[in-house]
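Below you'll find a set of structures to go through.
Two complexes, one shared chain (chain A), two partners (chain B, chain C).
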Partner chain A sequence: MNVALLAEYGPALLEGFVTTLLLSAIVLAIATPVGALLALMRESGQPILAAAATVYVSVFRLVPALLVLFFTFYAMPQFGIRFSPMGAAVLGLSIIGSAYLSEDIRGGLSAIDAGQYRAAKALGLGWGHTMRRIILPQAIPIILPPYITRAIIIVKSTSLASIVAVADLTGQAVRAASITYQPFPFLITAGLLYLAISGLLAVFQAWAEHRVSHERRVALRTRQAGAT
Partner chain B sequence: MTTASTGDPMVRAVDLHKRFGPVTALDGVSLDVAAGEVVAIIGASGSGKSTLLSCLNHLSPPDKGEVWVGGKRAGGDPAARLSRRAVEADLRRFRADIGMVFQHFNLFPHFSVLQNLIEAPMAVRGRSRAEATEHARALLAQVGLADKEKAFPAELSGGQQQRVAIARALAMKPAVMLFDEPTSALDPELVDEVLRVMRDLARQGMTMLVVTHEMSFAEDVADRLVFFDRGRIVESGPPREILRTPQHERTRSFLQRLLRRGA
Partner chain C sequence: MALKAIWGVVGAGLLALGLAGPAAAQNFEAILGTPKPFSEFPKPWPLKKLVAPGKLTVGTTGASPPRTFVDPATNKLTGSYIELFTKIATDLGLQVEFVRLEWAGILPGLAANRFDMGCDGASWTADRLGSGQFLMTSPTAVNATVGLTRKDTGIKTFADAKSKTLGGVRGEIYFEGAKKALPGTKVTEFPGMQESLIGLANGQADMIAVNLSNALNVLETAPNKDQLMMVGPALEVFPQSLCVNPNQPELLVAVNLLLANYRADGSLKAILTKYKTPTAEVELLDRIGY
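And now, the complex of A and B:
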C-alpha cells in the first residue's frame, strides 16, 4: 500500500525535491554575495556604510523568517509589488539568509590579524587588492565551515516557502499526506531527501574543516615562530 | 643643533598632533631627517614612538601637522584642492615610497617568500613579474636568504622572517625605511642577524628611522638619537652624548631603568 502510494505521488515529491534544490541554490547564490557585501560594509571603516549594514543585519536576524516571507508574499502586493510564490520565497529567504551569512563572513574577516592590513597599506596596496589578494585568501578557509553550517540551515529553512504556496518538497509531502491521510510515508520520504542534501553539505563541511585545521596549525606555527 | 643637510631634508615632519580619545599620543612633534641619516628613537612604552612612525607614512594620519618625504607632501598640495579619492591615491603613492618594518613582521602567511617580495612591486609599481623577481632575488641575497625564496613564512625562524620583511619593504625601492622595534619580538640569539642587515643598509646610505631598545645599535649606527616622552621629543642629538650625559631628568631616569634591566 505504502509503495503504491509512493509510486503515485512519487513524481510530485520529485518535483518538490527539485524545487527545494532550486530554491536553496538561488537563495544561496543571492544571499552569499549580499552577505559578503554587508560584511565588507561593516568592516570598511566608513561610518555610514557600516551603520546601514549593522541595522540591516540586526533587524533581519531578530525577526522571524516566516514573518518576512508573509510580508513579501502578502504585504508587498499592497504596495503594488507582486511576486509569484517562488519569487516571494526567494526574496524573503535571501533577505534573512544574507543577514546571517554576513555575520559568518564577518567573523572570518575579523580573525585576520590587523597587522596584515597595516602591512598591505604600508606597501601602498589599495583596499580592493588587499581584500582580494591578502585578506580573503586567508579568511575564506576560516569562513567555510560556519558558512556551510549556515547553508544547511538555509536549505532547511526553504521548507517555510511551502506556507506561501510554493510546491517545494515540504509542500508536496504535506499535500500528499493530507489527500491520502497517510502522513507517515510522505513525511519520512521528505525527511530522507532533506537529509540527503544536508548530509552532502555536511560531508563537504567535514572535509573543509579538516583542511582549515591544517591551515590553522600552519598559521599557529607562524605566530609562534614570530611573536614570542 | 641638527645635522646640517645639503638642500631639503628627506623627511620633514611639522608639528604633528595625534590623539586617541582622551590619550594624547603625539603632542607637537617636528623632526627633520637628512638623506642618508639614521635616526634612532627611544622612549618609554606608550610615549608615542609607534604613533610617530605610522603618522609619518600616514598609516594612521595625524590630526594636525604635515609630513614631507623626498620633497613630496603627504596627501598632495592643499592648494590643489584634491578630492578625497585623489588624496587617497596620493597617500597610496606616498606610502609606497616609505618602507615599514613591524615588530611582528606581518609577512603574508599564504604567500611564499618570493611572492611576499614581488606582490606590491607588481601591483603598485606596475613592474613585470620577471623584473620584480630579479630584484627580489637580489634583495634576498642581500639579507642572506637567497635559498629561501620558495619557503613560506611559517617555515622560517623569527630572524629570517624579519629579514624577509625588510627585503619586502626594500622591494618597493623606498626613499626612507621606518623600523618599529624590529628586534623586540625575537629570541636574543636571532637579534644580531637582523641588526646586521640594518647596519648594512645604513652603510649603503639608506635614510632610516628606527624605534629600538638596542642601545648599542643606536650608539654604533645612528647619527642621531631622539628621546621621546609623553608624545614629545624631549632630547635629540648625537647618540654618544645623550647616552653618556643626558640633559633631561626624564632621559636620565629612562636610561637608568634600561640599564637596570640589563639591556
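And now, the complex of A and C:
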C-alpha cells in the first residue's frame, strides 16, 4: 500500500466520503416518506391510488437504476430540464429507492393480522387512526430489519452517482486510480469507507432491534402483571 | 624555436583530427551501408511467463476510436492499436487474444496477471512510469491536451474558458492538467468520453479537455461535429506507450525492440495513421528525443 499516494489523495477521498454521506442522507430522507406513502396508497383499499402506486413501484423496480440516472442527467436536458449532477443523482436514486422501500414497508403492513384492522373498525376508528395507533406500532419492528438492509443497499447504490458526474467516494477513488494508474490503494480505501458507513447502519440495526424487543418484553410483562 | 616546433606539431595534429572526423564518419557509413532494423532477435522469443502459452493476451476497452473500437459494419474489434498489438504478437510468433473490458479493469488485470499487455497509448506521467503495477514500453506516439468546445460558447483559447464550465473525463491527465491550468474554473467530471461529449452538447460543460487524438477523431466523426471546434494551443505534450504485465520484463524488452524496428521501417507510422490519424503523432516523437 503506497502511503504517500494515499496521503496525497486523502483530502479528495475525504471530500468524496462526505459527499457520499450527504447523498445517502438526502436520498433516505426523501425515499423513506415517499416509500411509506406509496405503501399506504397500496394498502388504502382505494383502487385508483393503489393502481397508481402499483404502476410506479413496478416500473421503477424493474428499470435499472443506472438507466434512471442516465435519463435524469443526460437525457432530460434535451427536454429543457437541467439538473446539477447532485440534483440528478438525488432525483434518480430517490425514485428507485422509494420504489424498493415501499415494498419493504408494505411487507411489514401486510404482516399485521387482518383481525387487527377489523377490530379497529369495530371500535369505530378511522383509517388514519387505525394506522397510526394500531397498525404502525406493530409493523415498525417488522419493517426495521428490511428497512436498514435497504438503507445499506441505498448507501452502496450512491456509488452509481459517479456516472452522473458527482464527485462521490467512488468517483474520487476512480479519479485517483486513473491519474496514478494504481487502483488498489484507492479502491481498497473506498471499500473500507463504504464498509464503515454500512457497518454503522448494521450496528444501528442491531441496537434498534434489541431496543424494540426489549420494549415489547417490558410491555408484555406489564400487561401480565396487570392481568394477575 | 623549440616552442614554434611544438605549436607546429600540435596544430598539425588538430588539423588532422578535424579532417579525420568527417572522413572517419563517412568511412563508417560507407562500410555499414544502409542501416537496417535489428532482426537477429530470437524467433520465437522465449517468453515463459505469458498468461496463456503461445498467446499474447491483450486487455482493451474497444471504446476509444480510432485506436480500439468495434466496427459497426462487421461487429469486429478493430483500430490502429488493435493492429499494432496484432503485429507485435505475429512478430513474436504468438497468437493474439483480445479481452474487452472497462478501462478501470485493465491495469488491475495486468497486475493480477490476467493479461500480458494493455493500454491503447497511455500518456506518460511520473506516477505511471514509477508504478510497480505495470511496465510502460518505449513511446508509440505523441499526444497533447487540447479543448473541444461548441462554436456558440465564444471560447477561442484556454484563457477564455476561465469563467465557463470545464468538463472532461474523471481522472484523465488531460482534464487534470487543464484543471490545474485554469484554477477556479467551475468543473464537471464525466465518467467517460461519450458522456463528456453529451455533456458538452447539453451545455453541462462549455469546454471539455481531451487529448488531441480524440479531439481530431470527434471533429471527424461526431454527429454534431459541425457545432464543435478545437481549442488550442496545446496545454501539455506527452509521449504515449503500451503497458506490459509487471511480471514479464522479458516481454518489455521484446516489445521495445519491435517498436524500435517499426519506427525505423515506417510500419509504426503506417499502422497508427491508417485510421485517419495525422502522421505527426508518430513523426513528432523525434522532436522529444525518441
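We adopt the following convention: the second predicted complex is superposed on the first by the 205 of 228 C-alpha atoms of A that agree within 3 Å, B and C clash if a C-alpha of one lies under 4 Å from a C-alpha of the other, contacts with A are read in each partner's own complex, and residues count from 1 in each chain.
The rule is short, and it goes like this: a residue touches a chain if its C-beta (ideal position, glycine included) is under 8 Å from a C-beta of that chain, and two chains touch if they have at least 3 such contacts.
Here the structure is a predicted model, which means the values were calculated and not measured.
Of the two partner chains, chain C is the only one that A:V174 touches; chain B does not reach it. In the superposition on chain A, A:I163 makes contact with chain C only, while chain B stays out of contact range. Residue contacts after overlaying the shared chain place A:L109 against neither chain B nor chain C.
Once chain A of one complex is fitted onto chain A of the other, the partner contacts of A:L93 are absent, as it touches neither chain B nor chain C.
Legend: residue contacts after superposition of the two complexes on their common chain; A:P85 is shown touching chain C, with no touch to chain B.
Within chain A, no residue touches chain B in one complex and chain C in the other. Residues 113, 115-116, 118-126, 129, 133-134, 137-138, 218-219, 221-222, 225-228 of chain A touch chain B in their complex.
Listed in rising order, the residues of chain B touching chain A in the complex are 54, 57, 59, 92-93, 95-100, 102, 104-110, 119-120, 123-124, 152-154, 156-158, 161, 168-169, 172, 185-187.
Remark: chain A residues 5, 73-74, 77-78, 82, 85, 162-163, 165, 167, 171, 174-184 touch chain C in the complex.
Taken together, the chain C residues at the contact with chain A in this complex read 103-104, 107-108, 111, 122, 125, 127-128, 131, 133-134, 169-173, 176, 188-191, 195, 198-199, 202-204.
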